[in-house]
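You will see chain A twice below: alongside chain B first, and alongside chain C after that.
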Partner chain A sequence: MASTAAPPARRVKKRVRNETAVAYLFLSPYLLVTVVFTVGIVAFALYISFTSYNLFESPTWVGLDNYRKALADTGPSGFLRSLVNVFWYVITVVPFQTAIALMLAIVLNTPVRAQQFFRTVFYGPSVTSSVVIASIFLWLYLKTGVINYVFDQTFSLFGAQWTAIEWLNDPRGLFQIIANAFGGDIPSDQWLFRGPSVTWLALMALNIFTTAPTFMIMYLAALQDVPPTLYEAASIDGASKRQQFRSITLPMLRPVTLLIVVLGTIGSFQVFDQVKILTSGGPLNTTLTPVYLVYSEALGEVGGGSVIRMGLASAMAFVLAVIIFIFAFIQRRYIESGTEQY
Partner chain B sequence: MSTSTVAPVAPAPAAGRDIRKAGGRALRYVLMIGLGLFLFGPFILSFFGSFKTNAEITAYPPSLLPSGEWQFENWPRFFGTDVGGEARLDGAVSLGLMAGLFAAFLTLLLTGLTSEIKGKTLPRSVGLPLSILLALAGGAASALYVNVRTDAEVVEWATVGAAITVLLLVAVLLLAMSQPDWRRVLMALGWSLALFAFVTVLIEQVAMLAGGGRVWRWLFNTSVLSVMKASLQLVFCVMAAYAFARLRFPGRGFIFAFMLATMMIPGAVTLVPAYVLMSKLDWINRAYSLIIPGIVSAGSIFLLTQFLKSIPHELEESAYIDGASYFQTLKDVVLPLARPALLTVFILQFQAMWNDFLGPLLYLQRRDMWVMNVALNIFTGQFRAELNLLLVAAMLNAAPVLVLFFLFSRFYIQGVAYAGVKG
Partner chain C sequence: MKTRQLPIVVAILAMVLGACGGGEAATTADGTATTDGATATTDGATATTGGGVATTAPAGGGGAAGSCMGIAAEEGATIVFSGWGDETEQQVYRDSITRFNEACPGITVDYQPVPADFQTQMKAAFAGGEGPDVIYVDDQLMTALGRTGQLLPLDDFMAQAGVTREEFIPSLLTIFTLEDQTYALPKDWGTLGLIYLPEVIEAAGIEAPTGDWTWADLRTAAQAIAANTDVGGFCQGADWARLAPWAFSHGGSFASEDATQAMLTDAGVIQAATLVADMHEEGSLVTAADVGAGWCGEAIGKKLVGMTLEGGWMVNFMNNDYPDVDWSAVSVPAGPEGKADVIFTNGIGVNAATEFPNAAAAFALFVTGRDNQAAITETGFAYPTREDQLSLITNENDLAISEGGTFDLTRVAFWGSNSGRVNDAVSKALERIFLGEQDVAAAFQQAQEEAQLALDEAA
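Up next is the complex of A and B:
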């Protein structure tokens, strides 16, 4: 390598050139795969979103037709319906999973014996695949299943009667149930005002159950990074535990909270696995999600027919991506602007 | 724990506080155990559920343990499941080719660096003919193999040929950079080609033996894919991470920022075009569709880069001064230090592939190419009548990942925390 006889300047120059070559050689597998399977593919997706394409004939240019078709479809199984569904999903799942993750992390962060063991146990639902969890909950959510049993037992403790719910096949909307309780009703064509269905709520609970432990680990790592001297100083100043939590712990956790909320939002907008396994978008399309629609349009599984509409599927995916970016951007702005005051 | 040792020394007025403290600790444990049972409960329930009869599993009120006789035969019954898929050659070959390619690549990198066998340097008169012989034998075996398979109407050779050529080229270049001695490069090439032929045929034969629509085949598919993807990521992501963390080159900042940006692209956007690409390449129902795009991932590279940056420079500097090449430094100095991060990446990627659902659902549709998750999806759809078998399948699918996690939870949690917080 470095021969000592060469003049230093030349040696350095040669070394720099060599370094560049080696670096690009080391990066070549990554660059190749990314250029083809990320950049190329996204560009291609953008192109076919403006075409009519069924995989077998060459794509024909249709301009904005696909976007118009997707956004104008207000039918009960259309794209807008799926967006409304996923919107309910995001605004429910993200706050709950973040709050529960924080709570679990705080519980785990207390000094107990076998902390490692508890951490492992708590993390269990996040390690296994969504398919496994969904299969198990398919059973737990049965009308004669454990969940109904637990509700039954809890209600009977208070002397109330619990009517068993068919969790995975109950299209009644939340607002509809509330309206019913007050003697009113919301007709089925007013799906927008019926709110998330019971089945959809059940899937939300399932998802919170599996993702909260993942984010718990992130919170836990962040909690352990908070310098203990801060707490010591605060307790010398006479701050109570509650005050310490509000003025030290929460502000210190802001960056990781931003990350968790953004990651949670991106993930929740793309919910697919549980829907595919447990409900296939039903009952009455109340669990239809954008990614599920994209998937079924791309594979030609819509309505039992075999019409493949790659262009439409791609357009839907892009609309979803834009919505995700907007949400992530707003969250970032909102949470970061809050950071400045500390 | 330290508080409890301090407590007895505390003066008498603090006795009330001691009791409160002990009560608080007991409460903490109760809370922990309660939450643990809640979060792990579904697994416990379904573990016992997998030993129940089908009638009992849907009976109300539900019970934890099987009330009658334990149905141990549920498990062998599930293993006996045969949904009648035909074991086809193309899928098996794709698995074999990918595994063989990986084995070859790794041997090329590891053995090519030395012509020593068990610490003894080979005399040139032995080493040179041996190298040539090995290269010829390996090359001939591969050529023969490809020839036979092409006759058997396996067309994917052409599409994979490009990938193989590129990878081998990268490997040979790396070798040539670190080892100017061409005999060693030749020998490494010989070894790797021989191993390539062997592993390819081995994996492919096992896959054919495991049959078509059977549990054994799905387990085999899932394991091969997961191990392969995780191992490939180790090799290629470490290389990229080393470049980002240690080498200075024009475009580094841009490529790194670009990589981080790609992590934000929602998977939904790439779903359609990736499927189109795979069907155009005729990679549907072939292992390539999952392995080749999966040899690198931005997340792994990012994690490894952050870790490599935290390793002190000094050792590498002295290796350079001693005349080691970049590749030698990476292999002999950096990699041993980076072992915890490597293990983390391996575990995370193994789990990611094992748990992946949408990818295999799209690309591996034929029954002999299913992975466990896809099979499980079919079970939930078609075999709702036999929920106890579904639970057996779920437990079986969860077991490898859970075991891996229990063994290496420290690394696992480190990885999740590292990627999230230190980023």
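Up next is the complex of A and C:
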């Protein structure tokens, strides 16, 4: 009995083993690349974050010094300042770009004339290099640029006077401007309470402009996946368009919304290129972001020339990674609750 | 069927991985050029070792043919030379290489300009052991490469070529000197002068600026221009480099000689900053943005201001962009301690890991040498690094501006490894003052703390 049953079982086992081996063999080129260039480098960076390292002399172990230095630096050009800046950025950019992406997607999902044309045009900013977009905005944001001109013309229509703003060099904070309007002021050492600066808001607008279309495409795809029968059934039941949107569209889009919010949050926390091209962290450090700080410390370019501090830069990068992880985790918990998994 | 596919898959993967392995062997081979026959299997490796083999000729005993700048250069050497620079600068250095080839025909120079992000690329290249043989060196690269032993001390080669440190304008070597050794030689330099528009001066009804002016004279003139004409008086931004001549001529400095103590709350800096702040307050000093220009030079070109502090770059800029605007320059005004200016300079250094140290050093010495400096000066591109050659400058405005390099109190704003952070603290203090956020004392107190931290962390 046992001897007759054994051969097929062994054969099956052997086949499974062979298949696994083949699978790993096919995966091995990619796995090798991942292990060497992702896992390996992250592990090396983690090690570097506990050392003092300048690229050329061998790293010396300093324990938690780098983390302590990064987290204790409450100065106006320190790591905590950059975290506060990026916090303003995330809580402004993520909701706006998600809402705008959804709005654009819904508009483009309705049968309008030249639908394909509008889809292409709206998607344009996302496929253009961020360097190119930033360079264009460099001109738009000039004190003598188009944006000020438009404001000026609009204001003069109503008989009001528009004071030209130097968009990329205006460190006044949002809350500070509000306080000023009521005759108060927030002194410079209270930067925490000044809110995002005018320049920072200008960069946020630029970023919303470039990333919203990317997420629009994702929403558009998801919208087309919503079964039309649901809307038909709802309209038979007498649901209004608004009710359909709230009770069918939004819930059906929930998995995509989670993806968009998480991706948007991660991307916003890592904002770098616009800062590098347009402001270099200025004016008065109001657009200093963690990644820009990591970059400048790692390459010895703080203030235009400094000592290379790879260890400190790595420590900052890991702190940022932990923060992003926590945010993504919370968002997942919050948005996923009550979502059916498809 | 399935079991038969497995050997094929293994064979394919083995070939793929084998090819990768072969590539690695080739790259290690050209790193160690003279290793044994293992390298001969791949074409790439033999091609790169070819250059190495040719260098086996003894360097010491070479006759006149191997001598270049008095240095026994490796015959047949090929050296890679990298620097930043726009098309104009690249042409200047291509011409320099042509002159070098005539003087030292045995050495080939492979010029590889890197116009953007030069410093970043060089740090990465040197960290990967792939740095060019000869490169431009600025304060940032001196910190990253010079202090970590990546650059070759040039003193022995200078002795062989008969070049002394004394022949250069003294402050030009500040950045490149470390523990009494010279790691790069200045390729050119710049400084600031007082730039003005004669027609604005005339319209304001005042005397034209001269080299005898003091900062007080400048202020009076700026007030007159602001009051009597519809353009701005004197243009200056929140920039450490523009404050430097004011501060140095008031006996101030951003940091002590040994770059250990920040000196931003000392009397000299505070007096200078107060003068600037007062002028901004009364409106005789405006920023470029105030008058709708990108920078103060452009404000001059567009005739939006009467005076500013700018450097030799104004000559080409005005010729190209505003050829019809008549402008003049004199040296910077004097302060209570005399005249002082700030020098900007970059050097040329040699990779310590170069295969051809003699040829590379010879090239660096030739490019920064007396004859080549004279030839470059003739093109009007840059100022010569030796004081006795300053007379070769032909443009009148350049001559006036370059005077700034010769004053006793003139210096480079270099304060050790974290110079950038120290200088940035000064710029930010001025920014806060101009925005009306802080008074001079508070702004520079904060700058002092930031600068001191930067100096402490540089050690």
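Brief remarks on what is shown
Just so we're on the same page, the second predicted complex is superposed on the first by the 314 of 342 C-alpha atoms of A that agree within 3 Å, B and C clash if a C-alpha of one lies under 4 Å from a C-alpha of the other, contacts with A are read in each partner's own complex, and residues count from 1 in each chain.
By definition in this document, a contact is a pair of C-beta atoms (placed from the backbone, for glycine too) under 8 Å apart; a residue touches a chain by one contact, two chains touch by 3 or more.
All values reported here derive from a predicted model rather than from experimental measurement.
The superposed arrangement places chain B and chain C in clashing positions on chain A. With both structures placed on the common chain, the touch criterion links A:A134 to chain B but leaves chain C unconnected. Of the two partner chains, chain B and chain C are each touched by A:P29.
In the superposed model, A:Y149 lies in contact with chain B only, and not with chain C. In the superposition on chain A, A:D65 makes contact with neither chain B nor chain C. In the superposition on chain A, A:I41 makes contact with chain B only, not with chain C.
By the touch criterion stated above, A:V107 is placed in contact with chain B alone, chain C being left untouched. By the touch criterion defined above, A:N169 reaches chain C but does not reach chain B.
Contact with chain B, but none with chain C, is seen for A:A221 once the two complexes are overlaid on the shared chain.
More chain A residues lie in contact with B than with the other chain of the pair chain B and chain C. Contacts of A:F118 after superposition on the shared chain: chain B is touched, whereas chain C is not.
It is stretch 112-120 of chain C, out of 112-120, 184-192, 274-282 or 346-354, that runs into chain B when the two complexes are superposed.
Counting contacts as defined above, chain A residues 19, 22, 25-26, 28-29, 55, 144, 299 meet chain B in one complex and chain C in the other. On chain A, the positions that touch chain B within their shared complex are 1-2, 16, 19-20, 22-34, 36-38, 41-42, 44-45, 48, 53, 55, 104, 107-108, 110-113, 116, 118-125, 127-140, 142, 144-146, 149, 152, 209, 213-214, 217-218, 220-222, 225, 256, 259-260, 263, 266, 269-270, 272-273, 276-278, 290-291, 294-295, 298-299, 310, 313-314, 317-318, 320-321, 324-325, 328. The residues of chain C lying in touch with chain A in their complex are 2-3, 5-6, 9-10, 13, 16, 119-120, 123, 126-127, 138-140, 143-145, 148-150, 289, 292, 417-425, 428, 431-432, 435, 437-438, 446, 450, 453-454, 457-458. By the touch rule above, chain B contacts chain A in their complex via residues 1, 3, 25, 28-29, 31-32, 35-36, 39-40, 42-43, 45-46, 49, 57-62, 166-167, 170, 173-174, 177, 236-237, 239-240, 242-243, 247-250, 252, 255, 259, 262, 264-277, 279, 292-293, 295-296, 298, 301, 320-321, 323-327, 351, 354-358, 361-362, 373, 376-377, 379-380, 384, 387, 390-391, 393-394, 397-398, 401-402, 405-406, 409-410, 412-413, 416-418, 420-421, 423. Looking at the complex, you find that chain A touches chain C at residues 15, 18-19, 21-22, 25-26, 28-29, 54-57, 75-77, 143-144, 166, 169, 171, 187-188, 283-285, 299-308.
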